[in-house]
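Mind having a look at this structure? Questions to follow.
Every chain is named by a letter (A, B, C, D and E) in the order it is written, and numbering of its residues begins at 1.
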Amino acid sequence: MNAENLLFMILMIAFPFYLAAFVLYSIRIVKGPTIFDSVLAVDCLSFDLAAFIAILAIYFRSAFLATSAIILALWAFLLDLYLAKYFLKREVGI
Amino acid sequence: MIFIHLVILAISMILGFVFSYLAIMEEDLLKAVIYSAGQGVMFSIAFYILMAPDVLLAYIAIAIGIYTALLVFVISKTERKEVV
Amino acid sequence: MISEALMYIGGILVIIGGICDFFGALGLLRFPHFYVRLHAATVGTIGGAVVPLIGAAILALGCDFLGWIRYPIAGMSFITAILILIVSPTATHALAFAAHRSKAIEWKEKVCDHLEGVKR
Amino acid sequence: MKRGHIIALGVFIALILLVSLGITFVGKVPMTTDVRPLGLFYLKNSYFGNYAARSPEVVTSILWDYRGLDTLFETGVFFLAIISALALFRIEKKEEKVKEKGEGFTFIVKDTVRIISVLIVAVSAAIALHGHLTPGGGFQGGSALAVVPLLIIVAFSKYALEGRGLTKDTAMIVRSIGLISIIILVLIPLAAGGYLMQNLPVFPSHILGQLTSGSLVFYNLFEYIAVGAGFTAVFLLLSIPEKVFHKIIGGEKE
Amino acid sequence: MIEMFLWALVLVSLMATLVISIYGIVIRPSLIKKLIALTILTDSANLLAIMIGYRLIYPVIPPVLPQRTQEGLSKFIASSVDPLPQALVITAVVIGMAVNVLIAFAIIQIYRICGTTDVRKIAEVMKDGKT
């Protein structure tokens, strides 16, 4: 078995798990009885998407696409902090 | 081989439609903001598959970072519920 | 030889990450309330994002047919893994702190509130 | 989430599936496999050729060379929007100096933000300054830089940022410096005998052996500064607590 | 055939997103909800513009030249997507954000004057001349 077929096989085993996990996280975002559940699910979705982007960059064979992962991992953090601060103080700037 | 691209694209677009429907129909505005962030995540997968890394870098920072922060500011200064 | 071994190790890590991701999502969907769901979220982020990112770095290093672009992909993946390792616990901490203080989660108190008198 | 929403969503998704099935079997979907001639011209001429911008990044070379005037006026629209937003929130009286520091968040979040904000500045500078080689550029880097003051506002407080000297006026001054530098860069080729926003023969394509693609790197740098400072000014103004505004506007009680 | 079905599914769901966001802008009463719907409309319009430039071939790469040689150039032209819509969309994203900031400031100012963000109540307050 040559290397490209091995890579293709590994990725074909891994992709359905990731896509199913995205759908399940989306169901939790939609269902979430409180806002905190939804935010937690958005958080997990973004971090896992960062991992998925890095793996897809190997599949697409393009180095320029891998930069987005680092940005996505940094930015999902901001949403959590803002919602938490809103619930803590009701006024974000203090 | 293009099949895999199209499957990921179709899943992300349908989930994006679900999130945007809920963001527009939800009465609690804070939940609507979170659904809007979810829609931003889904559309960013679509931008990634459509091979637009330049747009993706701007879109992630705007739609997930700055935009939700702006809406939380606005909601904390005005009101949270929408009366239909 | 070395590159093949790197590919096997990276592939196994990526598949383990996918499985962790799936079960973390399942736990997030099935657990009863928010404080229990935080555990599933840990499985989903640390097991489902950090492990496959390190696996992707090793896998990219092993792929000889990619040419020079395997080094930037590996570096980006590794930096992202370290970053998620720092950021994700902080985010869940902030959410749990805010949920506890604002008393937004309804659940039956089993023992007592140890954080009652703790100053910030 | 109510029951009605679930039923409506199911109906909508079923409708989408049916319509796309119908389109597949009855009609025809445009599935392009080639590039349009204009796009092909940009792809061919971005790095090689007589009309080249000497940049391997085609999008940035379109953005600041081939369609530079377009982007220049878009930047003008951006600054008009920011200026009118600031004018809506204009405060006549001086905002009284607040001595209190503001509590902020817990110390775990504070420490993480201390590490992460340095990292974000580095990442955004890398995105903006490598905009002519890899994906990225002034707009992307600037909108990434604007997240740093947002993180500091939420983890510490607005007063921690203003105590260090980054007030609204400072951000406005930095933004104006970026804008004026862009205008000077637009006008330099006129003095050298070219036309407006000319790129290559006027600016050198290599500086110290590094590929800088003429004026693209300078445009990216100043756009980065300007966009980041503009968003910072807006969010500093937005994070003033509402109580202060009620005191200033005239004691309306609500 | 199945590829055409998936591509049609993508396009139709994008159109459905456009329609539902126009519904949100026109019908929903709250101003903040109108702002959220406006961003969804902007995003889906941008995505449609990007989709016009996409090519349905397998080795498809972003419009960044990988190797700076002549062979690299011919390989690049054979498999790169159209760069022109992307260049137009980048400015549209950032400008749309700036305009949204302006709208948000206007909403806060309207709330300070009228005490509500509901469009019908704002009309009543304006008619009574309480301000």
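Definition applied: a residue touches a chain if its C-beta (ideal position, glycine included) is under 8 Å from a C-beta of that chain, and two chains touch if they have at least 3 such contacts.
The model shown is predicted, which means the values in this text are computed figures rather than measured ones.
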**Request:** Enumerate, in label order, the chains that touch subunit A and subunit B alike.
**Result:** D, E
**Contacts common to subunit C and subunit D (chain labels)** = A
**Prompt:** Farthest chain from subunit D, comparing Cα centres?
**Reply:** C
**Asked** Could you name the chain whose CA centroid falls nearest to the centroid of all protein CA atoms?
**Response** B
**Request:** Determine which of the two chain pairs, D-E or A-C, is joined by the larger number of C-beta pairs in contact.
**Result:** A-C
**Fill in**
If chain centres are mean C-alpha positions, then the most distant from subunit B is chain C
**Message:** Can you compute the centre-to-centre distance for subunit B and subunit E, using the mean CA position of each chain? Integer Å is fine.
**Reply:** 10
**Complete:** Note: subunit D sits from subunit B at a C-alpha centroid distance in Å of 18
**Multi-partner residues of subunit E (at least 2 other chains)** = 3, 7, 9, 13, 16, 54, 56-57, 61-64, 66, 81, 86-87, 90, 93-94, 97, 101, 104
**Asked** What are the residues of subunit B that contact at least two other chains?
**Response** 7, 14, 17-18, 21-22, 51, 53-54, 56-58, 61-62, 65-66, 69-70, 73, 75, 77
**Request:** Mind pulling the residue numbers of subunit A that touch at least two other chains?
**Result:** 15, 22, 30-31, 35, 39, 61-62, 64-65, 67, 70-71, 74-78, 81-85, 88, 91-93
**Request:** For this structure, give each pair of chains that are touching.
**Result:** A-B, A-C, A-D, A-E, B-D, B-E, C-D, D-E
**Asked** Touching subunit A in the complex: which residues of subunit D?
**Response** 1, 102-103, 105, 109, 116, 119-120, 123, 127, 134-136, 144, 147, 150-151, 153-155, 157-158, 238-242
**Message:** Going by the contact rule set out above, which residues of subunit C touch subunit D in the complex?
**Reply:** 83, 86-87, 90, 93-94, 97, 120
**Asked** Which residues of subunit A touch subunit D in the complex?
**Response** 30-31, 64, 67, 70-71, 74-75, 77-78, 81-82, 84-85, 88, 91-94
**Request:** State the interface residues of subunit B toward subunit A in the complex, per the touch definition above.
**Result:** 4, 7-8, 11, 15, 18-19, 22, 28, 30-31, 34-35, 37-38, 41, 44-45, 48, 51, 53, 56-57, 60-61, 64-65, 68-69, 72-73, 75-76
**Message:** If we count contacts the way the header does, which residues on subunit B are in touch with subunit D in the complex?
**Reply:** 14, 17-18, 21-22, 25, 53-54, 56-58, 61-62, 65-66, 69-70, 73, 77
